[in-house]
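Pasting the structures in now, so scroll down.
Each of the next two complexes has chain A plus one other chain: chain B in the first, chain C in the second.
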Partner chain A sequence: MKKNLLSQIIIVVSFLMLSASSYAQSNTTQQISMGIPEVLLINAVDTTGNVAAISLELTTNVAGTAIAGGTGTSYAQVSSIVASGQTRSIQASYDVIPAGTSLDVTGTTPTSSNGDGTYGSAVSTITLSTTPQDIFTGIGSCYTGTSAKDGYRFDWKWNASTAGQYANIVATTGTATTVTLTITAGQ
Partner chain B sequence: MITALIIFSNKLNAQTYVAGDSVPTQNYNVGLIDSNHPYIGMQFNTTTAGLGASPATNSDLFVRLSATARNYGHAYSGSGTISACITAGTVPQGTVFTLISAPCTTTNSGGSLGTPITTPIILSTTDQNIVTNIGTCYTGTNDTDGYQMTFSWYSDNYKQIHSQNTTITITFTITVAFH
Partner chain C sequence: MKKVILVGLLFLTLTPHVVKSQNSNKSTVTFELKIPPIALINFAVENQQIISHSFAIASNQVEQTITKTNIDKTWLNYSSIVKSGSSNYITANISSGSLPSDVDLYVFVSPDAGFGAGSLGTPVGEIKLNYYPQNLIINIGSCYTGTGTNKGCLLNYVWDNPKSYDYFINYLHGKPISITYTITAH
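Right, the complex of A and B next:
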């Protein structure tokens, strides 16, 4: 009987020591709210990276030929974060251009290493009008960089309009035309 | 003898301590952990056309603890750890969420406070150590006592990012063990 009691005591003491000599563990938690808002920013710049007008001039110095040669380049620097499954477009339109002329644009997606993301693609050369038209489509989450020549490239071409309109052209020393670039909401 | 052991055990548990307190060395291990429980809201955003969303950081969280070890005659090497993992929610796709701990503040602390891991860990659902070699110690109980934690959030794949709001839960665990 005495031996049996001793055995029980040894077992209890061993259990307590085993419990005490293993490890202790406890924890605490912390919640963190993470937000990624939609981003929709566009900035038109010239080839030096500055916000400035570009100048296009139509002229000719060969007798018998139509005026031509109004070319120039600008960029649109963009930051975009879209909702899941959505893409955006960059559209362009003008307010007014001199009668008898037309303004075409050809887009090129960003190539600079200063940007990243889903740039989408350029549509073919567009003849602009007062109605916004897609120049780039399929734009996802991306940024283009902010240095000179970073961004979506726009090559402008101003020419005499289609046949039959030449008679409407008049000389002008400088007509300001505003082309509006719009990055659309995600769709 | 059995009665004496039970009374002894009850006496040990009669005193209540909070994480950060100095806990007297007794015949059992203690690992208490808590924090200042700040609100942490992080935004991944940009306000300049052409720039990517800036990495977000936050250092508002202080983790405090009390660790007491008893070795029953064996050498105690101070091998306690603080570990962390994500136990609820998911880090947004296309982004990485990291954590690094500063050494414990010294104002109200004492003991073997351990050593933070020097490279930030990428938080995941797997527990990873952020402080190791913790021995018997306490950090203090004020809001800015303890181990200051810095969270960093950045993109590793911009194409995969999309707008969203989400909440994740990080669980910090202290483990005090003997060798």
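Right, the complex of A and C next:
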């Protein structure tokens, strides 16, 4: 019974607090706290907009030539809201790639009309390693869209290493490799 | 009790949401990386080919009809990708025509000219050609020689006692001497 009474009192007080200002005066101001959280979301997809493995192959059919031809494309769909004066980067690194080979990537900022904002710019072609490196810099608040071919474009080029490592190459029926894309905190 | 819940909901509605940053800032691209085994061989021939000719039998096999006078300089271009722990090798054999019993034909293979990369193998030097394949370059790993003349390994033929062998008559009678080079996986 006491609890019931207490509940009723709380309700009444709450309504009184909410409506007090309305009764007190005819004009008033209401402070609205409008918060936009920092957002940094990234999603890697293939050219069809799906999450799927990209298959690359190095081979040749001309005697005397080096293996080549491991090219492919993927996209990173991003939403970014930065704090005032800050920008972000998109970085990439791999876990491991087959011996004697190298993996390059060339970035292109979004061109689709499905997004908007400050996309930043692409760094020139980067030879990836296990250490994250900037592929795009100067990214502000933006979104890229989520359809196929929306987003930051990554053109991958897997090739025989140019650093005298060719003898270390061995045939492989399919080595799974993961490249991690990271959108950095605002700086 | 219902009223207590109602009061709780009221306060939740009126309380501003806590502003939080989202942290799904990583995504991964998965690759499937393939390198098939490769064994490719071809000739590159200097000067005009007046009598001899070369052609590919298969991607790992080429045949050359040679002249008595060795006027052409032939280079072997090859590409190789091996499986782990494996190697390729190149053999040579007489695949067409026959030599008189007192005539021998040798081929000398020079070291790689150095325009490619990788594990190019070890040339055995000179071998006396026969009708069965014999190793000419062994322990070839993953490598490429470059394409064209002056790339790869130079072949030189040496005739022993050629006086008893009239090449031109044999050639005219459809009995040229041809040598086949094959690159194979061990």
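Note that the second predicted complex is superposed on the first by the 160 of 187 C-alpha atoms of A that agree within 3 Å, B and C clash if a C-alpha of one lies under 4 Å from a C-alpha of the other, contacts with A are read in each partner's own complex, and residues count from 1 in each chain.
Basically, contacts are C-beta pairs under 8 Å (C-beta built on N, C-alpha and C of every residue); 3 or more make two chains touch, one makes a residue touch a chain.
The shown structure was predicted, so the numbers you read here are calculated from the model rather than taken from an experiment.
In the superposed pair of complexes, A:35 makes contact with chain B and with chain C alike. In the superposition on chain A, contact is made by A:56 with chain C only, not with chain B. Here chain B and chain C are compared by how many residues of chain A each touches, and C touches more.
In the superposed model, A:144 lies in contact with chain B only, and not with chain C. Look at A:43: by the touch rule set out above, it reaches both chain B and chain C. Applying the stated contact rule after C-alpha superposition, one finds that A:70 touches chain C and leaves chain B untouched. Where the contact sets of chain A with chain B and with chain C meet, they give residues 8, 33, 35-39, 41-43.
Considering their complex, residues 3-4, 6-7, 10-11, 14, 16-17, 19-38, 40-42, 44, 59, 77-79, 81-84, 116-119, 141-148, 151-152 of chain C touch chain A.
Interface residues of chain A facing chain B in the complex, by the touch rule stated above, are 8-9, 12-13, 16-17, 19-39, 41-43, 77-79, 81-86, 115-118, 140-146, 150-151.
Residues 3-4, 7-8, 10-11, 14, 18, 33, 35-44, 52-67, 70, 72, 74, 76, 97-98, 100-101, 154, 156, 158, 160, 164, 166-185 of chain A are the ones that touch chain C when the two sit in their complex.
By the touch criterion given at the top, residues 1-2, 5, 9, 19, 27-35, 37, 39-53, 58, 61, 63, 67, 70-72, 74, 87, 91-92, 94-95, 97, 151, 153, 158-178 of chain B touch chain A in their complex.
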